[in-house]
Amino acid sequence: MAEVVLKDIRKEFGTFVALERLNVAINAGEFVALLGPSGCGKSTTLRMLAGLDFPTAGEISIDGRVVNDVAPGKRDIAMVFQSYALYPHMTVAQNIAYPLKKRGVARPERDAAVAKTATLLQLEPLLNRKPRQLSGGQQQRVALGRALVREPKVFLLDEPLSNLDAKLRSYMRAELIELHRRIGKTMVYVTHDQLEAMTMADRIAVMHDGRLQQFDEPEIIYNQPANRFVAGFIGTPSMNQLEGAIAGSSFVINGEQVPINRALYEQALKDGPVVLGIRPENVSLSGGSLPATVRLVENAGHEQIVTVEIPGGHRLLAREASGQRPSVGQTCQIGFDADFIHLFQPGENGSRFETTGQAHVIPMQAQRSASDES
Amino acid sequence: MATAAHAGHRLERRYARLGVFLIAPTIVVFSLVIVYPLLAAIYLSFFSVYTPTLEGEFTGADNYIRLLTNAAFWNSLITTLIWTVGTLSLQIVFGVGMALLLHQNLWFRSLARSLVLFPYFVSTVVAVLVWRWLFNDLYGAINHGLMQLGIMDMPLDWLGTMPNAMIGVILVGAWKYFPFVVIAVLARLQTIPEHLYEAAKIDGAGPIARFFDVTLPQLRSVLVVIILLRAIWDFKEFDLIYLLTGGGPVTSTQTLSLLVYQEAFALNEMGQAAAYSIGMMLVMLVFMLVYIRRTAREA
Amino acid sequence: MRILRKLGFNLFTWILVLLVAFPLVWMILTSLKPQTELFRIPPTWLPETVTFEHYWRLLTETPFLIYFRNSVVLATTTTVFVVVLGAIGAYSLVRFAYRGRETLATLVLFTYLLPSVVLIIPLYLMMVELGLSNTLASLVLAHTTFALPYALWLLRSFMEGVPEDLESAALVDGASRMGAFRDVILPQLLPGIISTALFTFILSWNEYLYALVLVNSDAVRPLTTGVMTMLISAFNIEWSLLMAASVMMSLPLIVVFAFLQSYLTRGFGAGAVKG
Amino acid sequence: MTLNRFMSTGVRRRSVLGGMAAVGAAAAMPRRIRAQETITLRWWSPQSSPEQLAAYETQMRNFEAQHENVQVVFERTSDEGYAPQLAAAFASGDVPNIVTHLPSFAVSDYWSAGLLEPFNDVIDMVGPENYYEGANQIYEIDPGVYAGTGIGNSAANMLWLRTDLMEQAGIDEAPRTWDQLRDAVSRMQGGGIFGAPLPYGRNSMTSLIFIGVIHQAGGQVFSPDLQVAIDSDETRNALEFYRSMREYCPPGATNYSWGESLTAFVSGATATGIYTGRVLINVANQNPGIADYIDCVLYPTVSEDVPAWTFNDFPSVFIPRQASNMDVTKQFAAFLFDPEGYIQQLHAAPGHVLPVLWTISENPEYLDNPIIERYTPQVDLMAAAAAEGYNLGWESQGHQPNVKAGEIINSNVISEMVQRVVLNDENVDQVLSDTSSRLEEIMGS
């Protein structure tokens, strides 16, 4: 068990700045996801943790020891690669035994450790096969086995599930959560899939353009996104964002007024341009004040996603329980659940106005079941 | 930008040092056997040097002035271009054609492939000997074969007169080197996805249209590289021409490589030879850069 | 109808193939004819009498076997030398970051342009300085001038084909860089190494010009110049012996080629295609 | 500053060329290691037929038997290959001890560049009185000093004839003039047999043979004081003759050199031949069926007024100045003329290399050879012709030695001239003026 600290990390590739002032402190035993779109710097971060890339500036420490100058093999970490990186010319058993061999573990102990790991991951029948004779899921398990066998302080996982099909992925997700619970080691998990991050991680570090956007528990990331990027990146379908302005206690867009819970923002909010964010599930198709026209209805069985257009050409998504099906072209008066309205600074990456209360936090359980279906 | 003040560089520097250490033997060997001789050649090109003693006088740019004003270099350059273009186009056309045939479902395909690829692997000496024997005026199989087939009634002098000598050299060069094209194209053909052909078939393309619309574009990247490589090799080919015709008749097949050899070892004019070879390299360099730029732009 | 078309296609292709192979067939046929039949006009298409006397003479009366041994030693040493240098050099060029790496790679390409005739005299002087004149070692070094750039270029594209993750995994698993090279990269590079080795071997086995100038004693002369000097002279051209020698010079290549043909094709696939 | 001064010391030169590379390391390396007790002599020659090799072997072993600690190794070179090989050897200082059978003009070329050891000592050891009169004149480039000596004589442009074919064609006398020769070959040509195997290739043979033809026309390439004299009516005449012979030569004659030309006559493909006495042993070995029907005469000239001109390339012996163990080397050079080995060497191809020592010609052991016995008149004729032979390095008694002859031959200027006129049908005046200026350029360089 070890904590992992990234302090003031900066990384340049030539003139391109890949990471800037990255500060992340991961607690011992924690499962942290590094989440972001491709090119955000999350994989670079992980590779620097592993010692495969080198920070231009800053300090990396594992278990209290600064490891900047420590070779990967001496950092006491294990890593699972997106491609699995199984050694094609070695059998499964040799693959799993390789880290031990490199550490000079004697043959009998090595065999015992391999056997134990194989049992844990149900790999016994495959031990003498070569990687190319295995299915994707089996290869994934071997890669995990190779990481597990040595019992390192920290596990690094680089999009380990992205090459699996949907069904296997959801199965392996559960397996990984279970595994982490059982061994209790620090895990750093890189993914671009917000669902994986939300379901598995204790905390999520959302990254974008080489900067850390938010680092917090999934609920908080979901319910209190730090800025427009996080708001838009987390949740499917993503949060509706409307550019408008504050006038008095209302949000005004195209001359239409949307009431907001002004009290929650009272310290920060002034009249002027602002972006309103509202998740689709907090949009109701009737009983509101904003006139809208239904443009598209996507039925997903137990719910439906309705695209509506409000004056000025903005489109919004609403999530409705199945039942009455709105017809395309129909007009309606949509409304937002005032407790769940977020307000952001204008600008591409505007940060969220802090609320003074926690009124709109919803239980995580509901969120999970909702997003799982997407 | 990487200053020592930054933390986290020792490992990176260690790796960089290891990298340099690993390339070092190659650099040493390169410097020893390529860079140094090259510099020596450039140095010699400013002298009038008697080959056996390597003694001579500094003559400045005289050798280069003679290169520019004397017809020998330019005639050889033209000969070299004729040879290169001639043999290269035959290699490409025949190589691509043969690769297409061998890509099909042929009886005893791997035997056919081995036979076709073999000329590339026999020594130039062997190739030249065999062809000189085939071309032999009195006992050669080619003359007699053609005579028995009634195509001609007198033996032809294949390597001694123009344009036969150039044709002969180009033919032998094409025979010797077209398998290189076959191998490379064959390797590429095997990676063209079948569905491209199926799509073209559905669109009603015949075999010829399929070749031009599907195969050729897919081969483009390979052909760009092969043409560059083969052009360089053909341009500086020495063994084959030297052993086959020695540059004759007169100087009709005396390419630049042979000119350099003749100047250096027959006339003992090492300085002039060095100047010719530098000129030859510059010509190649210009051609190569133009070629790379053009193909890069088209791509 | 389809059968006919297939038959036609096969016939056509095979005729072409046999035309290409004819010089080699003729070489073998000539080497089996007795001297008297050789100068028959018109030539006999198949030998009337088959004789192995030329082979016998080559092996017993001439230094052919010495040349052969020299060629084997020369080509093998060159191959090992070049492939070892090339493999670690390619590893460095592909997997390490240091200043000047790109420039180096470009310079390697530039060395293709150098004609052998330019390098030969300075090389010879150097060999004498190194005390290597008239030795096989001098030819090994000379052959690296063309073999090393080619091998480096081939191995570089092979190296680029080895997933970087494999090396990373080995590093994380506790290997050093060289350990990872040995345990993981080399086994993956093996087909590439074999194919590069074959090409190098062929280049070295067939080289003529350096062998002509750099060595001058039968004890170290390789086959190419040995056979030419021995059999083509002012007093005779021994066609039958030449053809027999040609056949025997090509034999090792035939053997190598038959066993490792797929590697060769793969070599071109990787090297030529990726450039 | 001259490169000469820069490089003249050898060491300095190498440091110039070597300084660019890591020669610090090279200098520290041991030089070629020669075992103290054993001296190795290296012997180069382009003449290496199996019979000759056997003779050399005898000579080397005999010498080694007499000299403890000495080992002689033979290294073969070739007529086309010796130039680059020797150039590289001289340039590096890593030279053979002794080189035999190169044409005399190669000797004068290297001598004039200061690369050779004076040969007087060796000639004294052999005994000047044993040589034919004037045999070493050609090597006396600087007065009183010999650059080398002959290891033999050759009569390289003998006209070889097939008496059986002459008889069939109704020719009773060997041709003396070009007209007679043309008439004879035109009558003998036919039935798959060509008239003559004259070389038209871009090689040294064509140059060497054609220089003979110029003289057979009464002309010369250089005047006695070495002014270019090739642009003459005689040369035009010679070119005209050579062109007229083309139709009697095999199509491939455009690439003929010594080997092809010899084989054409020996195999019976041509009715006449042009070569040395090597024809005799090759016929005996390869085509004994015609052994009774061969004869040789001096090559015809334009008319009976013009004397025959025999091309003798004067197979030579010389010692590079940089050679190691000079004393033993010279002893070995002299030992090459020791009757036992020398005779065996000459017998390797009787009539091909003819003795330069009259003591050998009269030696019964030399005469005791089946081929020499069988073809005594021919061998005598060749010996006499060779003794009066010349080559481009020494075109006549009156000529100064031409040290550029080797370069002229190697440059192919003459053979290119032949090809341009005969094969390309170019304007003779233009060709001759081009050739003259190229010759002048070489002479001036």
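The letters A, B, C and D name the chains in turn, as written, and every chain counts its residues from 1.
The criterion applied here is as follows: a contact is a pair of C-beta atoms (placed from the backbone, for glycine too) under 8 Å apart; a residue touches a chain by one contact, two chains touch by 3 or more.
Keep in mind the model is a prediction, meaning the values are calculated, not measured.
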Co-neighbours of chain C and chain A - touch as defined: B
Of all other chains, the one whose Cα centre sits farthest from chain C: A
Rounded Å distance between chain B and chain C, as computed from the means of their C-alpha atoms: 16
For chain A paired with chain D, centre-to-centre distance based on mean C-alpha positions, whole Å: 89
Rounded Å distance, chain C centre to chain D centre (Cα mean): 36
Set of chain C residues in contact with two or more other chains: 39, 41, 120-122, 125-126, 228
Residues within chain A bordering two or more other chains: 51, 71
Where chain B touches two or more other chains, by residue: 12, 32, 36, 40, 51, 54, 138, 261, 264
Graph class of chain-chain contacts, one of line, ring, star, complete, other: other
Chains that touch, pairwise: A-B, A-C, B-C, B-D, C-D
Residues of chain D that touch chain C when the two form their complex: 14, 17-18, 21, 23, 26-27, 29-33, 42, 44, 46-50, 73-79, 81, 84-85, 87-89, 91-94, 96, 192, 257-260, 262-263, 267-269, 278, 282, 286, 349, 352
Chain D-touching residues of chain B, taken from the complex the two chains share: 28, 31-32, 35-36, 39-40, 43, 47-58, 135-138, 154-162, 245-251, 261-262, 264-269
Residue ranges of chain D touching chain B (in the complex, touch as defined): 1-4, 7-8, 13, 17, 20-22, 83-84, 86-87, 90-91, 110, 113-115, 200-203, 250-255, 264, 267, 269, 407, 410-412, 415-416, 419-420, 423-424, 442, 445
Residues of chain C that touch chain D when the two form their complex: 35, 39, 41, 61-62, 120-122, 124-131, 133-134, 212-214, 216-219, 225, 228-230, 232-237
Of chain C, residues touching chain A in the complex: 163, 165-166, 168-176, 179, 183-184, 187-188
